[in-house]
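In the two complexes that follow, chain A is the common piece, with chain B as its partner first and chain C second.
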Partner chain A sequence: MATRGVRQLAVEGGSKHEGFLRYAGYRWLKIALLLSFTAILIYAFHDARPRPNGGSWYGYLLGTIGAGLILWLTMLGVRKRTMTPGRWSLKAWTSAHVYLGLSLIIVATLHTGFQFGWNVHTLAYVLMMLVILSGIYGIGVYSALPRVLSNNRGETTQMQMLDNLRQLDRQLHEAAQPLDQRHAEIVRMSLDDDPFGGGLIARLTGRYPKCGTRAAQAAIRAETGDRPAIGQDALERIDVLLERKEAALARVRQHLRLKALLEIWLYVHVPLTFALIAALFAHIFSVFFYW
Partner chain B sequence: MAEAYRIAIVGSGPAGLSAAARAAQLGIAHVLLEKTDHLSDTIFKYQKGKHVMATPSQLVLRSDLDFDAGKREAILEIWDRQAAETKINVRMHAEVKAIAGAKGDFTLTLTDGSVIKAEAVIMAIGTQGNPNLLRIPGGDLPHVQYQLDDPGEYVDEHITIIGSGDAGIENAVGLAQDPAQRNIVTILNRSADFSRAKDANVKGLFGMRDAGRLSVLTDTTPQKVEPGYLTLDTRDGETRIRCDRIIARMGSAAPRKFIESCGIEFTSEDREAFPKLSATFESTTAPGIYIIGALAGYPLIKHCMNQGYDVVEIINGNTTLKPADEPILEAKFKGLPRQRTVDEWLEFLRTNVEILNDLSPLQMREFMLDSDVRAYRIGETVFEKDDPGSSLFGIASGSVDVAGRVKIGRGSIFGEVGLISGRRRGATIRAAEDSILVEVSRTAALKLMASNPGAKRVVTRISTERQLLQMFGSGLTPDDLTEVTSTAKVESVSAGKAIINEGDDGCDIFVIRVGSMVVEKNIGGKPVFLSYLPAGSYVGEMAVIDGGKRTATVRAAIKSEVIRLDGEAFKRLLARKPDLLDKARKDMAQRQDLNAFVEAKKDSFSSVVDMYSSVANFLVEQGVGEATDVLLIDENLCVGCDNCEKACADSHEGLSRLDREAGRTYAHLHVPTSCRHCEHPHCMADCPPNAIHRGPDGEVFIDDTCIGCGNCQRNCPYGVIRMDKVPPKKPGLLSWFLFGKGPGPGEPSHEWAYANAEPGVEKPKKAIKCDMCSGIEGGPACVRACPTGAAIRVAPEAFLTVAKLDRGEG
Partner chain C sequence: MSFIVRQISRTADGREIIRPRTFTQKEIVIGREADCDIHLPDLAVDLRHGAIREVAPGRIEVAAISGLPIDINGRSTPGETIDVTRGANIRIGSHLLTVSAGEGEDQGNTVISVERVGALSEASEIRDEQRAFSLAGVAPGRRRMAWILGLLVLALFLAWPIWSFATNQYAEAGERRPVAFHADEMWSSGKLSLAHANLENNCQACHVKPGEAVRDESCAACHSTLHDHADPQRLAAAMPAKGAGAKFQLATAGMFGIPEGRCVDCHTEHEGAKAMPVTEQRFCSDCHNGMDKRLTDTAVLNASDFEKDHPQFRPAVMTSAGSRPIVQRLSLDARPLEDHGLKFPHDMHLSTTNGVARMAQTMKVEYGFGDSLVCADCHVPDASGARFAKVTMEQNCQMCHSLAFDRVGDTVRTLRHGDPKQVVADLRAFYRSTGPVQPINLGGQARRRPGDAMLVRTSAAFNIAAANRPGRADQAIRAVFSQGGACFDCHTVTQPSAPGAVDWGVVPVRLPERYMQKGWFDHKSHETEACESCHVAKSSGTSADVLLPKIESCRTCHGGERTAKSVPSSCAMCHDYHMDGLAPLMVRNMRDKGQRASRYGAQTESRVTGRN
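Here is the complex of A and B:
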């Protein structure tokens, strides 16, 4: 540690952020491209009779590579959840998962020899393409949304956002004590409302048309709109609190929306993967059984 | 005609009172002189209702008076009663002005003009008469006081207590005790820990702080007093607080002039030095005058009372009397080769180990109660490299050998590195010959340094010398450095203060001992961040080598300590040592390249450089300046999957040591709540079982001896330590996946942990913090488990590198 910090220009790598797409100078992109081009090249020169199909030696080779890849790609889920010691990095796994997964489009399509039909073989192919498509969506949101999520939350955590809401509710509750029945009912619209209800659509769009807080504020505004704001009115205080609650809600809803967008695709990607594996085994089994 | 006595006792505190009681019991003609109108003024002046402690607990009390821990009033009542019962001859309102004469015939002149004759004099005047004064601007204002008689007197005030000893803590707690008084109480401590105070007091203080009744400011010194306000110098820079009253309890110095006028010499010129005494409390320069109690260097009541008893026995001719702590010490010296008495051993250690030189025989006794002494055969290992351990060793005889390279000889110390940052042992130490070594526990060493300026100086000098040798290397020996180290001054620099200003003259060199610095250069009217210097680096060599003006500004990132070395002396050293000059030139060339690089970039990519500067400043503000390894998350990449937290929990008995979402963010760079393994860890400051250590990779970790007191959690300024129970073991991943058993990956919920806890076994809450996954192959789990590459762990100096500018990153 003698003169730590002197040799600044010499510092290289390791000390900077590097995303999974750029990992190790796009190593897995290069490998995936190499694999794809080789596959296309051989396909172009391979003379299968009567026509290119999965049953030729080259078809078998591509099929084996494809099936192997699918099973290995699935293992990312296991890798992510097993914290074994060792010099592995999940980032490297993700990088390989993304690029090799994309290369499956080429490998598997060539394996079909462009023969499609209404059968279990094509089902496996279609499922695989759906898994890949959902994965592409995943890459898209993973590269675009993190900074939006970060900007939206500023430096507050989800816990703090929800705490803030609870606190506003308490203040609203107290501020509503001097009100008469009719006005208190308006405040209740906000207090009794489930601000995150509205199902998946609301969660993904961030639109909550039946938001009780907004309705309550509109009702209060309708009451106070024609009066001058003198700052003493209990309703004015409610108005201010509702305004703050709406702003806080907007932030939490946006936060939840972004998190949902970042996760929703996994609910397609993962179950479809299992369906794909099932169809894949049916495909392999039937091919060999009827052979 | 003057009254004549065999013994005159000056001061009626625990020591004097106990001496008088013994004299009365033995039927010796004596007089006890007290300048006030009551006995034992120091204890009388304690706060009302103060709980007086009876430490050290292993020491037996030997006195004709009773004493046990209890309330001030009860103790004073017992003493007053027993003083009357034993027929002590007390003279109140008797302040001694001068003592003249020699053994057998002393003349004591009192302030009222009367004269007392005595054969022997016992000085037991304590030290409270002269409190250390607040020497800052405004320190003489009337609202600065050095005494607190009744904490109930003050209401609705902003009160600041200065001082981290027992007195200060007790005053602070007393003032904040009753919330109805509505006092806003703040206590200042210029260092990070309360090593001078009793453990129970410190615990009480922290309890009050946690209850929100008072605030504790550590690493803080007062700067300026104004009516109603107090300006403070804190770790994070200067602040000004409301303050209606200041109670300064910064220790006290002996009424030295008076004592010296009696012919008694002190061990050194230091304000806190003690009189030179023989093992029988007799002044070596004024025989016949015996000095006991706080003035002799020992402030605890039990000790004072024992000494009072002992000294009268000694004057009375009892030569076989052994001090009350004799059996404890005897046991400590039993295993040593040569047969010596305890006193001989103490004297042997004191004269041979440099840091103990300034201690009085009495202090030596106390010191040895907390330390150990052992004999080592030639070749025997004292400790191995990477052993945990934070004790300090002193060499009383023989010598040791450091990793087979360097020899450390008699009188010196080793193991001092652990004192500051708790790093593991840096090298294996073996006895180079048959040796006798003193092992000083970390707490005893800190106490020694806090109460003995001489010891502190020696430790500072030796560690400075070793740091310089390690830094400059190049075949230097301590002798080469003598001239440079003799100019070395340790200076403390508050956060944000500059030690070097761009464009200034001057060629002193600065070694960063504690904290860190940032180097900035003014380019186009704006300060541009050039580099970050962690503890252990040096700056200022450019002006020495090429003799120009300072080329950049260097300021403290956080409160730091630097060693200032005289530039001229360093120049002469460079002239003598071409190897060193060569090395310095290389370092300098690198820095010049850096400056040129940044300036070139600034011309072409001004906005990139601005961005880099502002990110660097943000990180420094986040306390990265004292980090050695920090988790940084790029929020352009983080998808919020929390796999880092899950991986952390699964790698460490089910508890996560990081909170990803919490923490500050700037320009998408997020500093999550996770340990940054400070260079000088705050968590270590006050760990009763000494369970926090630094591992071989620099990680700060807590071992199994944690007692769950929570001090570290409170002391951590970054909130990265949590107190929790280890949850029960989870079922495996496969049974979770296939059968839904258990809570799945990551930290189980408290509900699950509670429901699945082993019945009847109550697990304690222990302190949990990041250990950098030490011992786990592959390194930090949080980084390995990040699917997108958002999380990295870096040393700040590696992250704050201008190499980033080349890649066009912010």
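Here is the complex of A and C:
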């Protein structure tokens, strides 16, 4: 990615990948810490009367810094769509995005002067905190989940997993041809079941209570349970195939769940960012409207 | 007529393969079973699903065999007759059977094209991998959510309040907006103080013009009687030179059209539903600290902190009583002597051993005295509790200092207090209307015989006394107004205009009601203290002593705004910026119902709980 990053890797002599968190020797972490401590220090010595609030000179300063940071942090969405190498590489941006975004907790909280209420001002603060929290979650899953995802997948790709399912479906279809309509309908429960269906909750929990394959297998077993397995019964073959399909489905579903956990924070982070910018605008507008 | 069945399948690259078969019989069977005429390897199709038979030339009938309905031209039906020339689409399971009339060499025959149109299973559908494996398919779109949430916030928290502002017809009319929820309240950064609680839903009472910071006129609309602290020019002169930071702040504020020295600079609002915060010390001290350097002709001494930088108290002391009394502000350090016209040695009256104490003991029942007099026997708090009711002769002195001079039957006659002329007249009348006591040997009817010399002498003496009796009044009057007399004991007496005249006078007593005209002291706030802890009355032998405590005495408890002392005291505790006859804001705040306990802690526990 960044030529700078490559050079550093060579100097360190290691093959270790330098992620955005440890970019340039934690440069942005240091900058963010410096910003935070400076803000806290001035806050401690700033004598705002009757009590600290966003309307003192320091309050306005922190508010301006905070609003500027929020807008700049949002620009990552624009920046990541245009790739450039060098000092302002996307990795540098992401690193700065993460650490400066975290320092916003300090800057914005000090800006409030710890005064909260049921108003547009606290709304903007709460939205900002939710965005930051979802971001922290995102960093957490990015650092933990890819390994789990890869372990679950084994050596297969997504398309291979899907092809495996399709293969099983064809075999099921084939095996069910001689069956009468009642049994054919049972097999169809499994065939017509969408492995990608189930909705957001199912994706996040990995639980699919209405799984057609499981229902089909249960129905088949209810039929064959009291019969001796002679190896000739078409239903026996269907049973075996359904079992294999369920195992394949379990792996796909675990994969889907991990991917959902990896992605879900963005569905909070991004929309809430725009809600935050709207609330931030309303906050600033109202302050100057009713000055 | 025969049926021509064309089985259509597709290669991997989408090319069609058509396998035609001709059936000459009248009826063909459709089903999943391998020996069916039209074999559909489809689990949704029954083993023997339906049949197609010719009912008339150019007309065929499609009928279900197994009981499962068949979809013909989008309608689910157990059977239907079809005009071959018009054609039909028959859907069975995932297969589509298209019926049409044969053309060319197939003229007169019925052509049935069979093609699989549905996927074998859900998983077999062709999918976009990226989309299928991501949340995009199951979660609401990020872009859409962003728009919805953003617009929702703007509508609720920006447009709605603006609308509420724009449709407020009461502001135009200068009326108060009725109490109800108005959307612009959502912009309020905090509750208003209790004093302004009724403006909570009426933003425009103060925020009159959009974009314009609150102006003093909004405050003055209600607070119409407040006056300025001083002449604005002198105020400006008293202000210290501004530092770079203050200049920058002022310039920035000026850029946004915020004038300097607004009411709200000191009286901050939206700080919560409690008493309005008292003005901070710095708002006073920034001018009063070293003010004499800038305002060289000022009589006001420098002050910046009660504990560290505050002049000695300078009470208004009457240094000369009389018809033209002189009142001066004198520092307590100069040990000023007061002359308010009354002679009253506090030490004598508060003694526990002398005649005063003894007299008080004799009047215990009638007047509620103790074994000796105490402060409260004379000094009674006034209605406000801040100060004391005026001590008066009638209320506080007369029970001991009697002005009685005569007794008629049961009625005691007293001299008129406060009116020397009346005293003179009453005494004269007394001596005029009564004769000297007649000696008993002067019998009224006794005949006087010559030679009764002693009797004659007595008679002559009586006659002289009787004749001279009115003249004795002058003597009595003189006695009353002179040392040892009833008036002289307590009052400053003015001598008669000429020797022998009796136009005595008494300098009117003017006891000060309030020594500290520029400050405020609240006795009620100090009722936990004993009087003697501040006022050294017990050892004061003359009423010329000003018995006010010095500032050092106050400082044992009171410090500056920020202090280690038990009572932090900013300027506003005793002084008002907009000075009037009322108590300063802080005193009023503290005296608000329920406020004192919260500030000074609850009353002693035993009193509250009634513990034995």
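In this section, the second predicted complex is superposed on the first by the 263 of 291 C-alpha atoms of A that agree within 3 Å, B and C clash if a C-alpha of one lies under 4 Å from a C-alpha of the other, contacts with A are read in each partner's own complex, and residues count from 1 in each chain.
By definition in this document, a residue touches a chain if its C-beta (ideal position, glycine included) is under 8 Å from a C-beta of that chain, and two chains touch if they have at least 3 such contacts.
None of these values were measured; they are calculated from a predicted model.
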Task: With the two complexes superposed on chain A, say which partner A:L149 touches: chain B (first), chain C (second), both, or neither.
output: first
Query: Does chain A have more residues touched by chain B or by chain C?
result: C
Task: Name the contact category of A:G199: first (chain B only), second (chain C only), both, or neither.
output: second
Task: State whether A:T94 touches chain B only (first), chain C only (second), both chains, or neither.
output: first
- request: Return first, second, both or neither, reflecting whether A:K259 touches chain B, chain C, both chains, or no partner chain.
  value: both
- request: Please indicate which partner A:Q158 is in contact with in the superposed arrangement: first for chain B, second for chain C, both, or neither.
  value: both
Message: Tell me the contact category for A:G25 with respect to chain B and chain C: first, second, both or neither.
response: neither
Message: On the A-aligned overlay, A:R81 touches which partner chain: chain B = first, chain C = second, or both, or neither?
response: first
Field: Those residues of chain A which chain B touches in one complex and chain C touches in the other
entry: 158-159, 259
Query: Of all residues in chain C, which touch chain A in the complex?
result: 32, 41, 43-44, 46-47, 66, 68, 120-124, 127, 129, 132-135, 137-140, 142, 145-154, 157-158, 161-162, 165, 184-191, 203, 207, 210-214, 249, 256, 258, 268, 271, 277, 280, 282
- prompt: Across the complex, what residues on chain B touch chain A?
  reply: 470-473, 531-534, 536-538, 587, 590-591, 593-594, 597, 632, 634-641, 643, 646-647, 650-651, 659, 661-665, 668, 670, 733, 744-745, 776-778, 781, 783-790, 792, 794-795, 797-799, 801-804, 807, 809
- prompt: For the complex, which residues does chain A have touching chain C?
  reply: 49-51, 53-55, 57, 115, 117-121, 123, 127, 158-159, 162, 165-166, 169-170, 172-173, 176-177, 179-181, 184-185, 187-188, 190-200, 203, 255-256, 259-260, 263-264, 266-267, 270-275, 277-279, 281-282, 285-291
Query: In their complex, what parts of chain A are in touch with chain B?
result: 1-12, 14-20, 23, 78, 80-83, 85-91, 93-94, 142, 145-147, 149-150, 153-155, 157-159, 259, 262
